[in-house]
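To start, the structure under review is shown below, and the notes come after it.
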Amino acid sequence: MSRFLSPRVDYTLREALSNLWRNRLMTIAAILTVAVSLSLVGSAMLVKQAVANATVQWDHGVNAIIWLDPSITPAVRESIHQQLLAMPEDIASCYYNGHKADYAEARIVLRSEPAAFQALTPATTPPSYRCRLRNAVDAYAVASHFAKQAGVKNVTYPGQAIKTMRRTTTVLQDVLLVVAIVLMLSAAVLILNTIRLAIFSRRHEVSVMKLVGATNWFIRIPFMLEGFLEGLAGAACAAGIVLWLQKVFDSVVAKPTASGQPSALWVSTGQLVTTEIVIVIVAVVLSSIGSGLAVRRFLST
Amino acid sequence: MIRFDRVTKIYNKGSSPALRDCSVEIDKGEFVFLVGPSGSGKTTFMRLLLREELPTSGRIWAAGRELGRLSNWRVPYLRRNLGCVFQDFRLLANKTAFENVAFVLEVIGRPRPVIESQVNQVLDLVGLGQKKHRFPSELSGGEQQRVAIARAFVNRPLVLLADEPTGNLDPETSIGIMKLLEKINKTGTTIVMATHDAGLVDMMRRRVVELDQGSIVRDQHRGVYG
Amino acid sequence: MSRFLSPRVDYTLREALSNLWRNRLMTIAAILTVAVSLSLVGSAMLVKQAVANATVQWDHGVNAIIWLDPSITPAVRESIHQQLLAMPEDIASCYYNGHKADYAEARIVLRSEPAAFQALTPATTPPSYRCRLRNAVDAYAVASHFAKQAGVKNVTYPGQAIKTMRRTTTVLQDVLLVVAIVLMLSAAVLILNTIRLAIFSRRHEVSVMKLVGATNWFIRIPFMLEGFLEGLAGAACAAGIVLWLQKVFDSVVAKPTASGQPSALWVSTGQLVTTEIVIVIVAVVLSSIGSGLAVRRFLST
Amino acid sequence: MIRFDRVTKIYNKGSSPALRDCSVEIDKGEFVFLVGPSGSGKTTFMRLLLREELPTSGRIWAAGRELGRLSNWRVPYLRRNLGCVFQDFRLLANKTAFENVAFVLEVIGRPRPVIESQVNQVLDLVGLGQKKHRFPSELSGGEQQRVAIARAFVNRPLVLLADEPTGNLDPETSIGIMKLLEKINKTGTTIVMATHDAGLVDMMRRRVVELDQGSIVRDQHRGVYG
């Protein structure tokens, strides 16, 4: 390696790697802690996104959906519309979701049931009214009022399941995030301390370097690089773990359930990639803070 | 080359000054002994020159610069003009004599071939050409101090500061080190050496600056220890 | 304080506390990591126990339960018994759970529905046959065969819910345990390194102590105490966190559901206490290993 | 009191011995100078006595025990009989003179009132009764060395080992330290002192043991430096 790099780059890399190896116990602990904390951050993000995906139908406080026949005539639709307006004591507000909007949504919700989605076209996808009710317990009354009307296919309202799921995931996310933040703190301190120990075990070398006129950055960079390498190694592990967790989760939990219920918990590739990028960024920030503090505090001129 | 202009240094507020109102001028090529009892401020004098400390009052010039006006990032470049040798050698135990000396040049970013030739040259000068691949633990005290001198000198500094370089050495070895410093002085390098060793000072008959409780009490050409 | 303690105990405590304070960043990180890792261990234990409690009915591979009338006559029961024996291709094995056994079980399963449990007495609790089927999908056939027979109250078999729950919690437990073990490793290394830094920053004192004839244990104990204190502080945090998590969990997830489905997830006080004890023991072991290694390696004679 | 019986010490296999085949006996109450060039084995001699190292061959007795047979846990008790003083003082910077000396007695578990009286007594002996609440940084080099001697002596050891105790001090201060050691010697404490300082050795006229490359080349009563 040393043949192809400039002496200075070569020196920097050599120093950083040998420091990491010298305190390998510490290095491993730092990497693992970074990995665990970032995996938790990643998991929290994925859980949030998966639940959002699964419950996209119930966004904006919607708690009842009246599905219409795809072939409904404008007159029948108008009559239903008037009836909805006529129930202001039960129904707070409604909005109409057309064929195309529902087809687009189905693409997300039915993602894990591709056969069911294949069978749909925009034209055959039922349009719907999305309603917020004054009182969630009125849902049954509203449903039974509309269910048997002409032009209405069926009426769905979220069961206990969706509420529990949202509550659970909110708590789960909060817990994951708190734990992740605590661990990030530990990770930063661990990085700071590997560097501190490295500086300590090289204090003779450092004092000689200062005496003979090494610039501050020449002395600092190998130590900071050490912190960066730890952070990146941790991020790489975390990225792997998140990918694996998502697979496990997919195969265990994310099974299709009866329609109307929230369907499979899944995340898109885009969301996964975003999560991985966030992990790397957090790692870089984390290790910069750790190593920055360490060199600033323990390598003072 | 070096000029102290009414320099006072107080480490901790309230304690008595380590240097008080010192003015002294040292020219290029001089050989100066700094003598005085323990705690008289000899090491403080050196540390001020290296800008490890700033004076409490007064001004210091070294290598053509006023140290009080030097911004922090320029300090390393100042130090490249000032070689230092200490009583306890301060060699890196995990590097050979050659590597210890080469380290200085690596640190200031010299290219490989230059390092190679300059280090060999300076090791020959101090008489360690044959032992250059030995580790410090495989060298005698006098030989270790020679390596330290080679390290301080390899970059051809304008000034060589030596803080009790023979403090840990027996009289015979000390004389050898003195002869080496004299040889380096002859190349035109200014040498400032702090010492307790009356024998050496008396033998050399060079300029002697005596400190006592931080004040310069004597500045004598061709002086003796006390 | 120092007035009431022997000089030696006083010295030891003073040293340990001042070392902890000197490296407070490190100390906090070590305590937090211990706390998080032990909380995860505790959570894994609680989840396991909660699921075991909730699914105690379905232990031993039981996948269908035939509930009998509490007032069933021995003759009718004998006829049902014969029928069960007569279906060897469907039913692998059955056992009879009497009034008292079912009453005892109800005490656990109905724990979060005390009103329902209050209404029961041993005599009014239906006895049951617990059957393992050759094939879980036969459950519906078995159920419909027995459901309308005289003397049978109803037949229950676990839905998808219980299977998903068991699979999910197994995965969750595994993940929690792996993460906990990784973090325990980090925690031990962190403890080791706080001590290492303490030893390092006191190396002058230590070398003087050795020279003037301090015994090995006199030198070691303050440092080891430091590790212990970190471990115990971490355990205390973890104990608090587990208690709190259990409360949150109780209030969010553990709602009574339709009977026959697994009911509330809960753990008994005894199980909680056991978990807390395990946490403290693990902390003591962890910090002993960390501090033992540190003094052995960095305080060699 | 101290006996070396054909002691050889080789630090690293293959390297030449730091001590070779040394036999010497030092009686209770003697004052012995250990002289010799750098690397001749003086510090090694001390380290063997303190059982920081074990000899490669040969046997050593100190304070009535054969060190080779001493189990590890007994080493601290041996060291309580051997006070040491070094060139660099080795005082704890965050403790006052009094606390530095008291620390020794705390470490070996003496009760408070005993500590109080013994420390004051020994600080008076070394002439620092007035400055006992000063920190090392507030004391001169000579005073710091006095504190170090008080610390080595407070436990009334049988032997006091001093490895170049005046190496960092100017000649005048050195003579003060020598006088103090002589005073301690008069209380019956055996003193072994390694030094490079020819002046001091010549002045004192005590027993001189000279080492060269690990061998004892001279053992002279009322000797001189070289």
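A, B, C and D are the chain letters, set down in written order, and residue numbers restart from 1 in every chain.
Assume a contact is a pair of C-beta atoms (placed from the backbone, for glycine too) under 8 Å apart; a residue touches a chain by one contact, two chains touch by 3 or more.
From a predicted model like this one, the values you see are computed outputs, not experimental measurements.
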## Note on the structure
Joint neighbours (subunit A and subunit B) are none
## Note on the structure
If chain centres are mean C-alpha positions, then the most distant from subunit B is chain C
### Query
If you average the Cα atoms of subunit C and of subunit D to get two centres, how far apart are those centres in Å?
60
### Message
I'd like to verify one number: the distance from the centre of subunit B to the centre of subunit D, where each centre is the average of its C-alpha atoms, in whole angstrom.
### Response
31
## Note on the structure
Rounded to the nearest Å, the gap between Cα centres of subunit B and subunit C is 67
### Query
What are the residue numbers in subunit D that touch two or more other chains?
none
### Query
Which word fits how the chains touch one another: line, ring, star, complete or other?
ring
#### Entry: Touching pairs among all chains present in the structure
A-B, A-C, B-D, C-D
### Summary
So, in the complex, the side of subunit B touching subunit D is made of residues 12, 15, 36-39, 87, 137-138, 140-142, 164, 167-173, 196, 198-199, 226
### Query
Along subunit C, where are the residues that touch subunit D in the complex?
7-8, 11, 204-205, 207-216, 218, 301
### Message
Going by the contact rule set out above, which residues of subunit D touch subunit C in the complex?
### Response
50, 72-73, 75-80, 84, 90, 92-93, 103-104, 106-109, 111-112, 151, 155
### Task
In the complex, go through subunit C and note every residue touching subunit A.
25-26, 28-30, 32-33, 35-36, 39, 160, 164, 167-168, 171, 175, 179, 182-183, 185-186, 189-190, 192-193, 196-197, 200, 245, 248-249, 252-253, 255, 257
